Amino acid sequence: EDGDSGSDGGGGETTNGIKSGLKIAFLPKQVNNPYFTSAGTGGKAAVGEFKGTYSETGPSEASPSAQVSYINTLSQQDTDVIVVSANDKDAICGALTEAKSGGTKVVTFDSDTKPECRDVFVNQATADGIAKSQIKLISEAVGAEGGKIAILSATANATNQNAWIEKMKTELAKPEYSKLQLVATVYGDDNDQKSFQEAQGLLAKYPDLKGIISPTTVGIAAAARYLQGSTYKGKVALTGLGTPNQMRAFVKDGTCKAFALWNPEELGYLAAYAAGALASGTITGKQGDKFTAGKLGEYTVGANGEVLLGDPTTFDASNIDKFNF
Amino acid sequence: MTAPTGVVHRFFVVRELGIGLALVLLVAVTAIVTPRFLSAQSIKDLLLGSTILAVLAVGQAIVVITRNVDLSVGSVLGLSAFATGTLFVNAPGTPIPVAILVGMALGAVCGLVNGVLIAAARVPALVVTLGTLYAFRGLDYTWATGRQINAADMPPAFLRMGTATVLGIPVLALFAVVVLVVAGYYLRTFRSGRELYAIGSEPAAARLSGIPVGKRVFTAFVVSGMLAGLAGVLHAARFGTIDANAGLGQELDVVAAVVVGGVAIFGGSGSVYGAALGAVLLTTIGAALPVLGVNPFWQRAAVGALILAAIALDKVLSARIAARLRVRRARRA
Amino acid sequence: MRRSAWDIAVVVALLLFVVVAGQTIDGFGTARFWRFVALEVVPVAVIALPLALVVITGEIDLSVASVVGLTCTVFGKLWAVGVTSLPLLIVACLVLGAVLGAVNGVFVTVFGLPSLAVTIGTLALYRGLAYVVLGDKAVADYPVSWTSNAIAPIPGLTIPWMVLVVLAVAVVLGVVLHATPIGRGLYAIGNNDEASAFAGIRVARTKFWLFVLTGAMSALAGVFWTFRFASARADNATGLELAVVAAVLLGGVSIFGGRGGLVGVLAAVVLLATMRNALQLADVPANTLTIVTGTLLIASVVGPNLVTLTRDGLRRRRTKALALKGASP
Amino acid sequence: MEPSGALLALRAVQKSFGAVAALRDGRLDLYPGEAHALVGENGAGKSTLVRILAGVHPPDAGTMTLDGRPLVLTGPADARAAGIAVIYQEPTLFPDLSVAENIFIGRQPQRSWKRIDTAAMRRRADELFARLGVRLDPDRPARGLSIADQQLVEIAKALSFDARILVMDEPTAALSGVEVERLFAVTRSLRDAGAAVLFISHRFDEVFALCQRITVMRDGAWVSTDRTEETSVDGVVRRMVGREISALFPRVEHVVGDTAVDTAIEVRHLTSAGVFDDVSFTVRAGEIVALAGLVGAGRSEVVRAMFGVDRYDSGEVLVAGRRLPPGRPDAAIAAGLALVPEDRRQQGLVMDLSVERNATLVRRWKLSRFGLLGFGAERRSAQTWTQRLQVKAERLGNDVSTLSGGNQQKVVLAKWLATEPSVLIVDEPTRGIDVGTKAEVHRLLSEQAARGVAVLMVSSELPEVLGMADRVLVMHEGRLVGDIPRESADEESVMFAATGSTS
């Protein structure tokens, strides 16, 4: 069930149409982020399945310039595929292009670059899908009478965050959400402490705030911590994107009714398979290419070389104990 | 008392007064715009927000008074916070006081490393602590390797400490108050405390006066480390979620708080009270700006501008006092 | 005397590292490797060299990275609103950098405030203004010719031509520092600014212009940054100040002023970049690199001191023994 | 010399700094109830010996005994514990601490729980100042004290120890006659109470007035120790320098310029609030004018303002008829002014720079060619002038901080004389300088005047003022109160004006 298996030069046997012995390097936004640790776990499992060499490297802070330095290193090491979550959609383009000219393939996941700088983007969810689910969740949590809501984002420059926020605004313009009023967007910089203080600032400024959306794992946990310890607990609704382990306590004590996330391990797993397929020539990144991602099944490359993981999962008290990441 | 004494005395009081005044002004303006700024919850948040910075600032002030600086406090805080979390993960039954002691001890060990290098190897503190800023953070990263410790991993009693209040005052803030009062009283009333000022004022003279300069500076760094360790524990209790990035970049805030609080960056003068006030002022600025409706993109710039304004104001005040001192010559024929 | 000894020590350390790494690390020392190292060296060196002069006069400028950030965003903003003349853009940025440096200079020399405190303030202020200028946007649609020319190699080599700019800056500043009356004045100021004033040196004015120079050079680094990453964002070069200060100190410039030289500073910048790249090639994780950087910085000051101290210590112990022996009979 | 009976004895003490043998054979016996003078040229090793006694430097070789028992000092704290109190040549105060704390640092009176008793500390400081007969506020910070006041605080500190051994390294260099008298009275009472006093000074009248024994050192080695009544100034000086010294104050005859034409510098109504008030005077080319007054009269402030280091509120300074821009020492230098400042460590020299860099700092632009400085030019120029002033330095490339106090002062002089100024202002030019060099400095000043340089000399030493000056200006509390021509200047007339007595 492999597509048109193109180049087959050298490498021995294949798994799912993927050559063995591929050098696949994961380059997260930063190495000290639990979210990427999970993604890495998935990636490593996948690379193991098709008998490649997995490595993970990256800067200790999420800055594009530091990432460039790692891209340079990886291209010098003749890595077959760089699987990167971009800190900036433009800033790392030059380095990626230079790497590609040396024969390295590039897969982006989680956060994309400009399409021409990479071969495939493994998207965790479409911006549309995320925006829709977030607005739906907050609307349910706030209740019928609506009210003021605010967004607690990551850094002001995060590409994916800003795309989602734009879509959320479009979504809010729809008549069914006319009672919800977005009053502020603040930035916690994906720093726990800063996010915490921003949440606190929001409530000091808008005492009648009804809900907070924090579409970032660091932000939602910080906001939950703040609400839990304040008099606003239960009065201010919270939703966003978070990991079940982080949010379990808050879901159970009612600080947060429901939130969403894709499974980062699956995201990494899929990205690794996409990388393998790309390096083996199974896919080239053009629309319609198909490949099999191990236990996740078959995926098709969509427009702009995007591969979509699927819809995010919504976690609430009923299902949260079934997940562990 | 004689007239000059009054002037001199006022001089020392006035430094803290200036910052206090700025603080009152800021709170007043904000409260007029948004009365809720003075609600119980909001005041509690302000106090909580200042606590960690204030504890760090007290330690930093002690170091800066000796004409040194400790840039590693943010990294020490990170290590200690992660250690506290790990301790609870591995030994869930650990009593809270033990956790506090462990955090402080770890911080003290980090301070000891700084202190040994600075006092024994006699190298500039700025370079050494810039080095340990990297080194301790690197250790923290290596230890955590992308793990995160969540609220669920820590005992509820510990987390409750992070939000609980006594008579409306957060428990964490009480820690800061105790630290502040003890440090302030010590620096003022004990020989070794005064010697810290002497060392910062003129290190060479301190040596000639038989002051054990190395030992005192060493102690200052151990204390600063220990307080950073305590701040790490408080951080864990307050934020509940800890990854390896806790306290990242905090050193600049701390130094800013100390400087804004009127502690001379070249040592010898200033007080821990001023430093703590500086911490409260900075936190309040951070909290007041969103409340005042300042665009988030303007906030950072406003903080910078306020730091500049605070040190400039302090300078103007002290220059005025100095001029007065000069005119009233202490010694008259 | 001691100063040049340290310069030599850093250069030797660099050479030693190159030799050892060349033997042990795969892919080290290729033309491509040096190209990447050079690209990293350029912005750091362009700032570190003038900053070294500031530190030699006993001051410091922590706002350099924020100046980079702010010039990047202003560059981007101007481009976005339709300024398309490259020379105009560059000049505008350099002037802006000079003005930002002058603000630091005024606070330090006219108001007499400590530079460490002032530049912590402007570090926040300038970064904040960068956010004010571009907010959460990034400007990235520059002509490809601009961005590729900025990092183009010297014909026939892989090393980017910007390295020549760095060398020119190094030579000019090096000559000024080490072989002109101005340089003599800088060392004098760093050691004792009161005595320097009594010798007719215009202390405040000199420091002021050094801050201006550092600001302008940071702006130059900002322009390079914008091109190299083809992206103007408010958070560009965040945290770069620590890397630059680390290089200056590792280069042997005394944080208390009055001591140090530019050879050491340049060697230190190259050493740090080479080491980081080499260790990355050797798959040393970023977290360990952080520790290595810190340890190296500490070693750079502890090493020389330890030698002198143990020598003194030994002598003292011997003396004490002698004194006791001499006294007992 | 038998150590028997000596409270403190030093034998064959040696100390080298790198290649410099500062002390080759230090020898000393101090007896209780006796004041002992230590004299020698600049760089003879006196201060080095003091620092060894104080535990600052460990000796390289030799023995020290206290009460006949070997004494090993590992630091200043040990010396204190052994009952040795030291006043260093250069004041070592903490500018940010109060005067009282400066005196008692590390030994503050305590109350319960080892807390500092501030009131008692202040009281005891007041008592000490009363003993010294000075009025200083114990609560003011030490920052901004004049050198004289600083020295008085140092003296108060040493007194507060009730030490068995009191070491004073040139304590009187910055003091005026009255203060010196008070100091001597206090020292005598200490001595009579059984303390041993070591007194270092370049002023022989003081040495002979206070001390019972005189030890002479030369080139780091002991030369002689005599009872005061068995020796004479001439004898001591001969042993110090190893040759005969001709007259002190040798005035080279020179023609004083004609008032109408040759006014070199004119000060008009110079005022700085609270410091000095409406000061006007002129100095003509070829004239030596002394600016006399009690310590604290504001003389240094006036000359600093003239030179442009300090700002002033009103008035003007004219050099050769042209107005100097205020606050611009570089302009003053360009106009031909030179200022040898009062505090050589803080103002005169950059201590961590080499001798040659210091000596050529002012002329670095002149020595450069096309804006570049060759090494040769600086060294040659430095060599010429340091040789003329007989600076004792191991190498011109060594840090100036390694020179003895007197030699440092010579470097400052060399630096300014080399600029060939038309107006030379010297503030306490011979403070801390030995007799030989002092004569040399005086000769140099006269020589400068003879060549047409206008010399303005601030000095607290009356013999120097009277011996050198063509005209004596007297200041009192920030005002010019006297302008006495050489003919009528004598001790009485100058002191009369300086103390502000109205006639």
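All chains are identified by letter, namely A, B, C and D, in their written order; residue positions are counted from 1 within each chain.
Throughout what follows, a contact is a pair of C-beta atoms (placed from the backbone, for glycine too) under 8 Å apart; a residue touches a chain by one contact, two chains touch by 3 or more.
Quick caveat, the model's predicted, so the values are computed rather than measured.
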| item | value |
| --- | --- |
| Neighbouring chains common to chain A and chain B, by label | C |
| Between the pairs A-C and B-C, the one where more C-beta pairs touch | B-C |
| Whole-Å gap between the CA centroids of chain A and chain C | 36 |
| Distance from the mean Cα position of chain D to that of chain A, given in whole angstrom | 74 |
| Mean-CA-position distance for chain C and chain B (Å) | 28 |
| Chain centre separation in whole Å, for chain D relative to chain B (CA means) | 43 |
| Residue list for chain A, restricted to those that touch at least two other chains | 31-32, 60-61, 156, 187 |
| Shared-contact residues (touching 2 or more other chains) in chain B | 137-138, 141, 145, 264, 297 |
| In chain D, residues with contacts to at least two other chains | none |
| Arrangement of touching chains [line / ring / star / complete / other] | other |
| Chain pairs that touch, as defined at the top of this document | A-B, A-C, B-C, B-D, C-D |
| Complex contacts: residues of chain C adjacent to chain D | 1, 175, 179-181, 183-185, 187-188, 191-192, 194-202, 258-259, 315-316, 319-320, 322-324, 326-328 |
| Interface residues, chain B side, partner chain C - complex | 117, 121-124, 126-128, 130-139, 141-142, 145, 249, 252, 255-256, 259, 264-266, 295, 297-305, 307-308, 311-312, 315 |
| Complex contact set, residues of chain B against chain D | 1-2, 4-5, 8-9, 189-191, 194-195, 197-198, 200-202, 204-212, 264, 267-269, 322, 325-327, 329-333 |
| In the complex, chain D residues that touch chain C | 58-65, 70-72, 74, 307, 309, 328-330, 332-333, 339, 341, 346-353, 357, 361-362, 364-365, 367-368, 371-373, 397, 415 |
| Of chain A, residues touching chain B in the complex | 31-34, 36-37, 40, 60-61, 156, 185-187, 191-193, 196-198, 200-205, 207, 218, 221-222, 225, 228-232, 245-246, 248-250 |
